[in-house]
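For reference, the structures are reproduced in the following blocks.
Here come two complexes built around chain A, the first alongside chain B, the second alongside chain C.
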Partner chain A sequence: MEDLLGKIYSLFDSLYGKPLSEYLWGYNCDSQDYSGDLIYNQLGTIAIITAFIVPPVYYYLWNPVRRQQLKYWLLLGGTALVNLLIAYFMISSDFDNGLIGDCLMYAEGGEPIIGETNIVMFGIVNALFTAVLFFVFSVALFKWGSKTVKYYPF
Partner chain B sequence: MGSKRLRTKTKLSITVAVLLLLLSVFTIGCGESPRTRANKRHAKKDTATAWILPAEFNPIINVYIENSGSMDGYVKGQTDFEHIVYNYLVDLKQIEVARALNLFYINSEILPQKDDINDFIEKLEPTSFQAKGGNRGTSDMALMMKDILKDANDSIVSILISDCIFSPGKGKDANDFLNNQEIGIKSYLGDYLNKHKHFAVMGYRCMSQFDGYCYDKNDRGTPYKGSRPFYIWLFGNQGALNRIRIEMQRKNRPIRGVENVFTAFEGGTETPDSCYAVKIKSGNFDLDKSDPKHSIKNLKADKGGRIRFSVEVNYAPLILGNDYLCNKKLYELSDPKFELISVENIDEFKKYSHLLTFETKQVHPSTLEIKLLKDIPKWPIQYNDEDGGAITDANANKTYGIKYMTNGIASTFSKNDYYTRMTININK
Partner chain C sequence: MKTFVFGIGGTGARVLRSLTLLLASGVECKSDIVPIIIDPDMNNGDLTRTVSLMQRYVAIKEKLHFSSNTKNGFFGTEVVEKFNFRLPIKNSQDITFKQFLDYDNMDYASKALMQMLYSTKNLSSDMVVGFKGNPNIGSIVLNQFSDTDEFSNIANEFSQGDRIFIISSIFGGTGASGFPLLLKTLRTNGSIPNHGLINSATIGAVTVLPYFKVEQEEESSIESDTFMSKTRAALSYYEKNIGNKIDTLYYIGDNTSSNKAYENHEGGDEQQNKAHLIEMLSALAVVDFANGPERTGSTVYKEFGLASDNVANVIFSDFAPETNRIIRRPMTQFMFFTHYMSHIDVAKCIKQQWSRNYGLDKNFFGSDFITDIRYVQEEYVNWLKEMGTNRVGFAPFAWDNKSLFDIVNGVTPSRSVFSIFQKKDYEQFDVTLDKKHASNASGTKEQNFMELFFQSTGDLVQNKLNF
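For the complex of A and B:
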């Protein structure tokens, strides 16, 4: 079960590259094993928690009476965006601090293979993952108990 | 009523949701994962191996120079023999590996000398050789080895410097003598190996000016002036020999004038888990998270259509030369569908010394066992003087009986046909 979130993210690793994926799995270039932090789990847990906490705010606290559909999607989009930014800044910080090992950072010829694009692409994947969770939690768990917006998003 | 049912539904939804969240966080964050278990397993296995001696291991080095009559020609005047031996002894002292460096002459008996290298070298002259005594008329290499190893142990490295010419003495059957020498060497070294399982032998063939009498198999001396071979043999614990070898290389102090090298040790060991690992990104595959160093999954063709992966391995403790280790023919793979396409030297002083790259035409699950085979050097046959007659320019680079000596050494270490083996799991 520890690897479940990583396996879900890895389905999309062609979008952000295997080297970055290995880093997020916790690959340590020195020890050549996965003894580093399992960042997939850290970011995945944040995604789950935010996708779990925000919908009840919409359904039980906010209870908007107008433009419910628009507000639902804005809230979903906002939550996804926050998770994109969390992933981006977290990995960028590791990148800037040289925490990503050379065996992942560079190709045989010495050219870098992890860059801004890879990090942004992973941020987008993380945002999509959050959005899907937000939607599933909303539909499966929360909307049924709402007084005013139980028919949203549909 | 409707509102109450709604509140009950809400509470139920939240309760289920909270339980789901707690369950997911709990399963993600808790418990010992396969990765953790695998790391612990490998750590345990590594501590059980005695492949490599600790870096701080400092042996006692005993140096024996043969002073039989045939050696006089190597020490007459200034010769390469003296320069090579002098440099070697100084280097042995200066690399600071030895706890002590003791000097001896050896023929039929061991003659301890003062531990002063300069004095020792300055006295390398025919007259002082003769003055040191002992029976200088015959060279019984097997007995010399027996004497050298008599009081040796794993913390002693014995170095024998000799022309290695087998000299039975007058009136003895030379062929019988050679055969008995081979058996004797095998027997004495075998006895030692039984007590010291990490015993190893290294030999260097060097050339030097020679001006003196060469003795044939019938002990007839004929004068010869020219270039003749001599040998430096190291006997001791494999780790200790390797420590000396690596420190000499690290400090850029190779033995001068070495033309050929001979290495023998039993081998037959598993390459320790910590000494090899699949190189990440060396092909289109995933590392197995539970055993990332030794197992790969989803091996597929890369963009160039090649199905390949590389393994980094530390062969430095094997006291084998780079030419040997980079010879693809000396590796045996258990799965014929895989091919070793290259062996590259990385750096002997780093974590891994060599990079092995494997390729296959067809993806299939496999437990690939890679053996580094034993191959006895051929140069002793090339430089063996079969006749044992008078030395001339035509056979001056040969040594009477050297083949029998190396055969005796090699057959001591013949229990295994390989030095080491490692295993990679592929798509299992």
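For the complex of A and C:
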């Protein structure tokens, strides 16, 4: 179970690259094992928590009665964007602070294999993951009890 | 129990218009109402407008069911349609009064008597638009309305416990003459069907004293200056001939000196006077009578008074608490309902949870039922606006761009510290509609729609206005 979130993210690691994925699994270049922080779990947990907390705000506190559909998708998009930014800044910070080991950062020829693009792409994957969770929680759990918007998103 | 309400002449029709709108708003009437308009002027604007309104009311009411579980009060009173709400007057169309009397075939003495009782203008007067303020003509022509099949049919419908109410003005032609004749027929005619029940029925009436005046027109037979003298003459007659025949008699009128004169129309489709507070209060007399006790044997005379003096524009707080208990809440609820329906378009409605819960789709909002409701609501607004511009005016609601909950004049909506978190106006209305769903009774779309709006407007009035 501990690996579940990482496995889900890894389904899309072709989008952001194996080296970054290894880092997110907690690979330590010095000890050549996975003794580092399991960042997949950290980001996944944040994604789950936000996707679990924000829909009830829509369904039970906000209770919109105008442009309900638009507001739902905006909230979903906003939550996903926040998770994109969280992922981006967290990994960028590690990147800037040199916490990603050289064995992951550079190819054998010395050219960098983790860069800005990889981080942004992972952020997008994290955002998509959050959006899917938001949608699933909305449909499976929260919308049915709403007094005003139980027919949204559909 | 039924109350047969005879509205005689133009005032009768206008009071029935007010009554219909009060009942639509949910003013409680414990009896079914059978409105019957007696007016030879079949094209009278006041009459046709009232008939059209009552037809819509009946069409709406047919779609609604009321039981002990029903909370809805809108259109809660059964209004029974008989003969398109009109009692025809035989042989009064397209002939002059002279022809009606068969004057040309009278002997010399009879002709002389007729000439003594009626002016040449009276005798040559046509009756297409009624009796043009001449009760002496009306008293002859209307004397035979009980001979019609329609009257017999109405009498046949009369049951034990049913009541009769007569609305008439005292200062015109049709009402002033029709009221005593109708009362005499109901109390003493032994040849009408169910005469035993009818002769001994509880009968009430409202006699409307002058409350408006008309512009001076040389060509017109109707002159405001004669209203008072006609009233005095009629009151003198009533004093001797009415009192012992009636159980409850309501008198109502207004000082007309400061009133703006209506356009002078003798009748026909152009006679469509603006609604007046006096008519609404006369309609409340019908409600008071229908909800009141059975006959006691002695006549009860009633008048209406305001709680405030010298008010140009009456608002709810100018009424006594007894009046407000009857009208304030239902009228305000119906006003909220009307505002919602006129401000929120169908596209928005069908996206709301409350409408989707009931399957109230585009087809429903385009149905005859909704069209009829919109018609009645439009009439409700027109009626209120007309009363607001009349003197004495009745202006319980504001028409400017205030927020929904600020529309009741003289009432400040309650606001709590949590109000900032609440939605405003129509959005708050929608939230209330959505939340009301759970406590709704199951039923047809029309039934659910009405239940929902009645309950929601009730909550809004209670929470925002505290009444």
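Assume the second predicted complex is superposed on the first by the 154 of 154 C-alpha atoms of A that agree within 3 Å, B and C clash if a C-alpha of one lies under 4 Å from a C-alpha of the other, contacts with A are read in each partner's own complex, and residues count from 1 in each chain.
Operating definition for what follows: a contact is a pair of C-beta atoms (placed from the backbone, for glycine too) under 8 Å apart; a residue touches a chain by one contact, two chains touch by 3 or more.
Here the structure is a predicted model, which means the values were calculated and not measured.
In the superposed model, A:60 makes contact with chain B only, not with chain C. For chain A, the partner that touches more of its residues is B, with chain B and chain C as the two candidates.
Contacts of A:8 after superposition: neither chain B nor chain C is touched. Once the two complexes are overlaid on the shared chain, A:82 sits clear of chain B and of chain C alike.
Of the two partner chains, chain B is the only one touched by A:52; chain C is not.
In the overlay built on the shared chain, the residue A:68 is in contact with chain C alone; chain B does not reach it. After overlaying the two complexes on the shared chain, residue contacts for A:148 are found with chain C alone; chain B is out of touch. In the superposed pair of complexes, A:121 makes contact with neither chain B nor chain C.
Overlap of the chain B and chain C interfaces on chain A comprises residues 146-147. Across the complex, chain C is touched by residues 63, 65-66, 68-69, 146-151 of chain A.
Contact residues on chain A toward chain B in their complex (touch as defined above): 1-5, 18-19, 22, 25, 27, 29, 32-35, 41, 44-45, 48-49, 52, 56, 60, 103-104, 107, 137, 141-142, 144-147. Residues of chain B that touch chain A in their complex: 6, 9-14, 16-17, 20-21, 24-25, 27-29, 31, 33-35, 38-39, 277, 280-281, 287, 289, 292-293.
Within the complex formed with chain A, the chain C residues making contact are 348, 351-353, 356, 423, 427, 430-431, 434-435, 437-438.
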